[in-house]
């Protein structure tokens, strides 16, 4: 019973809204069920929530899990002992008309024993804890560095040039962190505004992204797949909508991904709807959103100036928007449900190819994307109301309602679909 | 110290003797206070001199020691803590040491901060 | 000087002043006001300095805020009952959990404990009042003013929305543009004055005003725990005071403290907040530990097992509690060295807490257990707090905490320790002490409903949160999404719904308590003198106690003095036999009643002084001239206060000179 | 109270010490954490000057040394006032209290001058972290001194009219404790803030 079933194919189809990867019964659970007792133990049975903390999928998370499972067990046992002792006392010493007992004031020997035992237990726990803390803090054998920046309410990833990975110029993306499997990835986290916290439960614990500081977090995934995560430090209005995913690809797939991200920009063919979309984009969007290589009609490079428009100083880089499959802080899917499930629940062997296929017109979750372009603050709470900009020198916190016409939105969607 | 309290302490508590023989009960003589003040003034002069004279590596520890000495002189003599009921010392030093402890530890964590 | 008060309660004639200055008390207090003397009617409450009245006022205020905080919680649960909840929008939700926590922590549990402490601590040590009765009154009014200021923000553009620990820089002027955080910071600052003055007052009371014979190790355990708490407050409140000042200066006067662009480090706030915040959680729970350490022995008919261990473990918790604050910052990026140190320190605190659990259990062991409602809540606390404490230990393991922090698993932990600990203790105290405070017993049948609904509701509400958290549901989310809920037995949807249903059951439980209060108030049945066969001094007086508490101050020879006056041990069988009834014990005291008992007189100044503070706060937020007006009100009050003797001369009393000591200024007796 | 202790057993203070004095010491213990927090904030931020002058550029050590010395000496005059009050020497008490208040006022005056000078050199409350934390720390201290001065003067005023409630000697002593505390806080500030370079 103690083996992993993570590669087992789907048996049941879940109802349409539920889009999570089917997750396995872990060995941790088995250990815990026996020890901790029904309620907590059963917690890792069944098809778990996306961010289950008891399903490590990489060595860092596993280190934590191996440490915590016995501790849950110890805690459970102590709890049961206390419960049993109190219950026994309730039952045994209930007032049944017995005389008032002797007024004993305690037994120091018993007292000291019962103080020393917990102290010893904790001393043991302490030793293991101590070791794991320092093991997790190791950074000297890092293989890939990715800078992660939190901003109200999305994450930006910046892959500094690292020739051994084929990254010759920095790659900037958002929402989904793409990384190679079996690789010690070091995140260097910071923030542009308030404190956020980066957390991919299957890969490691949290680390706060604090403005003005750089904190490191080690991630490593054993198998290709999508691992859900969420910002876990309260960061204002849309904290609940600040999600992210880590996408682990095989090393070859990762190289493909890198190459694609660095490919030159391809302007849509003249006369297409997408081409019209490009010019709407140049008019409306480029003041905040960068698309690398995009040129103005006069041939000059279009350089976004998000810092002039957005309080925290940046907006997602949209160069390869359609290679990710969620947007706006992973709040919305870029894929329709069916396509999404196909990618997210793919076998690890097939996953890479499916992910790299990106989003095409047939699979595009056009409703959410259109709603976003129509009126972003309505679908995601943001401080983007033009009437309330006095405190921020006229800058937005989030993406404002741009008052686009439906036809402009048509054009933009067509254009965005070309950004792959 | 006031007459009342002295009598009272003696009457009901009986442990006001730790003042040392040379001091009359809780207080000191005016002369004594002036002497303390002179010492304080001298230390202050020495402190200020560090601004002009280079003390080398001794600079920081010397300054801190002088600061602490002055601090405890005022507390012990001007504030009578040395002669007064021990309870006062407990209350005050509890706060003082707690403050030093937590704040030094907190400032310390800013330095343990490893990238 | 302002803090001069009557030194000891009930001090009789003391001709303390030099004969040259006999009439220091003007018939009119300074300014225009003759000092208040009413002992009944609303004025007797507004201007009272009686620790019992103030205790009740603290209690009533706290209960009011409990309902507010509870309703906020229920709204939170309604919002989260289903995915994509629509009851509250994001902004309101953020205000809701911030204010829920603020209200529960600062305006319910702390004042409730202050209320019990005020009422019972002097009674338990055989004193007639606290050391500084006017400062005591001032403290209460500060608390009320602070609570009002914090909540006023609801009506001035939105309440504070940064979470109860209000991390910088999210609490800064740009990220929280409404005035909510301003009201929050200033209101807590004002409420903090109540805690600080209360702490000084009660510590002095405990150290200086014990009945003869009551050595420290004969003090009732509740008094002990309250004393530990007061030390925690004494040293913790100034730390948050600093933090709040920095925040206010930043928000109102553009200081840079948390402005990252200027080079600020946001972790400064976290340190300051949690250096206060961790001692604070013990401030919240230790009074309840004290209460059930009174209740368990009474209903086990046995002394507290290992009294000295319980005392020292309380002190140890208080002490070690200062060295663990950074366990709230395991994910903040402190670096492994600090994390390791604080992780181990945190584990250490489980040891003294374990001592308490063990001693309570052993107190019951071999006893004669009577399951009144008070006792049920006490036993409930042992179990529920242990669950919460054990999840606390799983947090203390820093690497696991990085998986748990800011998820519902933490929310589960702290509601188990807070609701299962602090609140159960408080409810135990309600049932136990109600007859003492009001002379009537709360209905036990309703009490039983109250208890069981609360136990069931509490476990249904907070139990599932362990699962939610370990399944990765973060806290402080105004909505959760089906997309990440999973399915099967442990899907988030089901357990969120259960938690919400639980909170309704919990509300019903609390409602039964409120009904019980009304039913009891209407009932004509008086409580017997000693309904529980109690053990400590507060029961050695009438129900409710007279204004001066005791007719004569008892001499204390035992821990559990009252019990030992009623019972003696049979030397051969070692069983206890009753030698006197409570009535007889009381009659004995009455027989030796003190001839002259002079209680401190009411005063206008505490309430006037406190009233100046919200004015200052509003001024800081909106317009400095208003703050100056507030400052002037306060100055006037201090002036009046400083010149007013603690006790009015007899001619100010209606029954003039009935005590027969004209010319003696009792209040100024201090030597 | 002393009398009660003998006359009416049970009404004395259990420890034999006065409530007010115990309360005052507790308050001072608590104040340690208040000033500790402010000092720590300053220590963390003193070198963080993103804008405006640095500490070295504004501090005038000779000037501050003199005003620190003045404050230190006010502790001497304060203790002499306490001494006088204990001897029931009203005139002496009033005299020393007034001198103490004057010394304190000199110190505060010096601080006002210093603040103005710094401000003119470009260091405002909102200029930099150094500015904010410097003014907050020294400002809090200055407010404490000012409150002390007000208490001293008020005491002299009501003493003259013999309207001090309670024991005069103890009142003077209490104000003295407060005053000395404010002085020892400055001893620390002077060293940590002014003398130790960033």
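Order of writing sets the labels: A, B, C and D. Residues in every chain begin at 1.
Keep in mind that, in the parts below, contacts are C-beta pairs under 8 Å (C-beta built on N, C-alpha and C of every residue); 3 or more make two chains touch, one makes a residue touch a chain.
Remember, it's a predicted structure, so these values are computed and weren't measured experimentally.
Student: Please indicate the chain closest to the centre of the assembly, with centres calculated from CA atoms only.
Tutor: Given all protein C-alpha atoms shown, the central chain works out to be C.
Student: More C-beta contacts across A-C or across B-D?
Tutor: A-C
Student: Measure off the straight-line distance from the CA centroid of chain A to the CA centroid of chain B, and report it in whole Å.
Tutor: Chain centroid spacing, chain A to chain B, equals 54 Å.
Student: Distance-wise, how many Å sit between the C-alpha centres of chain A and chain C, to the nearest whole number?
Tutor: 40
Student: Taking the mean of the C-alpha atoms as each chain's centre, how many Å separate chain B from chain D?
Tutor: Distance between chain centres: 15 Å.
Student: Centroid from C-alpha atoms only, then distance chain B to chain C, rounded to Å. What do you get?
Tutor: Going by mean C-alpha positions, chain B sits 35 Å from chain C.
Student: Please list all residues of chain C that touch 2 or more other chains.
Tutor: Only 16, 207, 234-235, 239, 263-265, 267, 272, 333, 335-336, 671 qualify.
Student: Out of chain B, which residues touch more than one other chain, so two or more?
Tutor: 2, 4-5, 8, 87, 94-95, 98-99, 102, 106, 110, 113-114, in rising order.
Student: At which residue positions does chain D touch at least two other chains?
Tutor: 1-2, 12, 15, 17-18, 22, 26, 29-31, 33, 37, 44, 167, 170
Student: How about chain C: which of its residues touch chain D in the complex?
Tutor: 1, 3-5, 7-8, 10-12, 14-16, 20-21, 24, 131-132, 196, 199-201, 203-204, 207-212, 214, 234-239, 241-243, 245-246, 249-250, 253-257, 259, 261-265, 268, 272, 553, 555, 594, 642-646, 667-671
Student: For chain D, which residues count as touching chain C in their complex?
Tutor: So the residues of chain D touching chain C come out as 1-4, 7-15, 17-20, 22-24, 26-27, 29-31, 33-34, 37-38, 41, 44-45, 48, 50-51, 125-126, 128-129, 131-133, 136, 151, 154-155, 158, 162-167, 170-171, 174-175.
Student: Where on chain C does chain B make contact in their complex?
Tutor: For chain C paired with chain B, touching residues are 16, 207, 231, 234-235, 239, 265, 267, 271-272, 275, 322-323, 325-326, 333-338, 671.
Student: Note which residues of chain B are touching chain D in the complex, please.
Tutor: 1-5, 7-9, 11-13, 27, 30, 33-34, 36-37, 40-41, 44, 47-48, 50-51, 60, 63-64, 66-67, 70-71, 74-75, 77-79, 85, 87-88, 91-96, 98-100, 102-103, 106-107, 110
Student: Taking the touch rule as given, give the residues of chain A at its contact with chain C in the complex, in rising order.
Tutor: 14, 17-20, 23, 39-40, 42-54, 61, 63-64, 67-68, 71-72, 75-76, 78-79, 82-83, 85-86, 89-90, 93-95, 98-108, 110-111, 114-115, 118-119, 122, 125-126, 129-130, 132-134, 136-137, 152, 193-195, 197, 199, 201, 204-208, 210-213, 215, 228, 230-241, 243, 311, 333, 381, 383, 388, 391-392
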